[in-house]
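You will see chain A twice below: alongside chain B first, and alongside chain C after that.
Entry: the complex of A and B
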């Protein structure tokens, strides 16, 4: 059997997960110009909310997912409202924001571990085999189909929203020039708050989907953040479209890179790609 | 002049400090209905800070801002609701938005879609060069076109007051002339009161009624525009022989 179709399928699935992280990271980065590390832990927050409400409380899967996404969004909004926004108002340096964000990441991750232990958990009951599909010789599970659909819908949705809606245009204005946006009458803090909500909710969704696909653990956010950020930088920092392209490229490079070598090399390959871009095309594929 | 008219906008005894630097030191300026007032002075005199103070973008150490003789605490994104438009120094159009989108966002407070469209068309009619570039990314416009767009964006709210910070900066003489023609037109046709910061004294005198001369954060002269030029104060301030 030819392995290429399966590798392509795996590339697209990985690329889709990275897409969700990268585009939401870029959405927030665009509006704030700040490297939001806490973004990673939103994946774990979403996943553990589903674990709690779905598996432990026994709510239906869809309700639990909805709650998980909303909780991630809400916590993102709260972090901005009570940590990042006061820092912005005090004209804190980028470094201060970065450290605050790292601190919030660590605290939230620790809280999850304290409440739910550090053990691996699954979001589904038992080890029930998922429904699978075969597409052009590649096997893909039901959850993985959802991951790909989610990535497509989120990316297209965000692009439409930014391009065509009044609110989206205001977001682009704020990303372009915060001060002039204020002068024109845009409540930039409110816009940034909403952006944090949307971006964090998307990251939460990514964590939930990964949880259904494999398993969850409190530290799951770190690897996802790193991959998402690599994709964001490779594609073009701050750009939705760029984030998605970078994520897909990363998915393919990682999965094709390990055809002949051990899969432990995946992360090294990802960082190799990042370094190549930082040297030869630092503004990313779409050149932001 | 214009003492019978109601004072639209005033700064009274305003001081602004950045660290130890006195950007403004108990400065008072005013703008009447329909008036064009010039703010002149060398680099770092505090001209931009006056305009920023009106928008709450500079921290007031002392003093007040008054709108129709009533004090108000300027919150940057709310000042525009009074009908005050600010075109800041350095053009600062939204470079990643198209010309049309810049205007659209300039009318951010206008809820009625039809009204918004109407305003865009009426502003475009004033600036035919922009009309042709409607879908163009404004980052790719020429300096003069960007300045026109920045002014046009300010006009989207149909302002009572327009604050202009060095609209001629970095533009070719011919373009400067065009910009000032537009500014005079705006004042004449729309009765918009204008407070304008400008280095280009020649162009300024063609439009300004009254002027203030600033130096090191203080107002050193205030008079009708022609009198300011004939007094020789400008030369003295700009050559540092005050």
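Entry: the complex of A and C
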């Protein structure tokens, strides 16, 4: 059997997961200009919310997913309201914000581990019950199809939303220049709050989809975040479109990389790609 | 008594980590979260050489330090081109790579099984087999490192580092190659972290990858920031407080697994609180 179609399929699936994280990370970075480490743990929050409401409480899958996405969004909004916004008001540096988000990341991850233990859990009930599709020799599961669709819808939706709505215009204004936006009467704190909600909700969705595809654990967020941020930098930091391109590139490089190298080294390959870009094209493909 | 000696040894090890990280984060103003990687390199190199050869503790520690220096040099070549959040992200990526090497290079490190039965150190015929003797060794090394850091901080080299922190471009105008200075301090700091790693491996006599995750780096960062940036006595204070903290939590009486998570939760929350209300730490001279 030829292995190439399967690798292409895997690359697109991985790329789609990274897209969700990279575009939402870029959305938040664009407006706040700091590396929000907590973004990673939002994936675990979404996934564990679905685990709790769907599997332990027995709600239907779609309701649980909706609740999970909303909870991730809410926690993102709360973090902004009670940690990042006061820091912005004190004119704290980007590094101070980064350290605070690192702290929040550690707290949330530890909380999840305390509540749900740090064991691996699955979101689905059985193993191997998923419907699979075969496209040009590559096999993908139903969840993976959903991942690809979600990535397309979210990216296209965000781009439309930013370009064509009044709110999107305000977001772009805040991303461009926070001070001037304030002067012309945009409520920047409110806009940034909403951006945190949307971005965190997208990250939660990514975590949920990964959870259905493989398994969940409290520490799942860090590697997902790192991949998302690598994709965001490779594509062009702060740009939605760039994030998606970088994510796809990262998906392909990783999956074609492990043809020759053992798959444990995926993370190393991703980091290698980041270093190449940092040296030769630090502002990313789209050059933000 | 044995228990107090144990705490004193842990304090010495973390104080060395804190002092050396303060050179990068406090004095040079670069947020590095890769300290656990060099700590691990020192620990693994020492452990492997002590188990597999009979060259003794001093030689194996020295080889560990040289190895950490070489790797720090290569990583630093890339990292030193950056500052701010890019530096933080790059260092985070490297920490994850180092962890995956400890975990996946099973022929050498035995992966998650770890390395048991590391012999206690023996220097000039004295075997440091009891805690009372080991605490002397650890304290002597800590004092040596403290004075080395003080020399660096008060030298003209240290003044250049502080200027890089305040205004990198300004000092470039005066003809200083800031890349060279950032690289040098990174290598020195990594070598000191490797010393701490050697001590740790020889004291605990068992190491596994889970000690050298990014959370360990965050813990050392918390020591540095709590005590105070750009203040060496602050790092000693920070290490003392954060080593005592889990012991206090132990008396509160959490069950085993939760106790570890509570420790992480506490120092995560502490980082947030410090950023919000006291970004320079207890006795720091610089704030992020």
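Here is the rule we use: the second predicted complex is superposed on the first by the 287 of 288 C-alpha atoms of A that agree within 3 Å, B and C clash if a C-alpha of one lies under 4 Å from a C-alpha of the other, contacts with A are read in each partner's own complex, and residues count from 1 in each chain.
Here is the rule we use: contacts are C-beta pairs under 8 Å (C-beta built on N, C-alpha and C of every residue); 3 or more make two chains touch, one makes a residue touch a chain.
The structure displayed is predicted, hence computed values, not measured ones.
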Touched partner set for A:10, first chain B, second chain C, both or neither: neither
Which partner reaches more residues of chain A (counting touched residues only), chain B or chain C: C
Which superposed partner A:144 touches (first chain B, second chain C, both, neither): neither
Touched partner set for A:223, first chain B, second chain C, both or neither: second
Partner chain(s) touched by A:36 [first = chain B, second = chain C, both, neither]: neither
Which of chain B and chain C A:155 touches, first, second, both or neither: neither
Chain A-touching residues of chain C, taken from the complex the two chains share: 29, 31, 33, 78, 81-82, 84-86, 88-90, 92-94, 96-97, 100-101, 103-104, 214-215, 218, 221, 225, 257-258, 261-262, 264-265, 267-272, 274-276, 279, 287-288
Chain C-facing residues of chain A, complex: 34-35, 83, 86-87, 90, 92-100, 102-107, 109-111, 113-114, 117-118, 222-223, 226, 229-230, 233, 262, 264-265, 267-268, 271, 274-275, 278-279, 282
Contact footprint of chain B on chain A as seen in their complex: 166, 169-170, 172-173, 175-177, 179-188
In the complex with chain A, residue positions of chain B that touch it: 55, 57, 76-81, 86, 88, 92, 94-97, 101, 104-106, 108-109, 153, 157
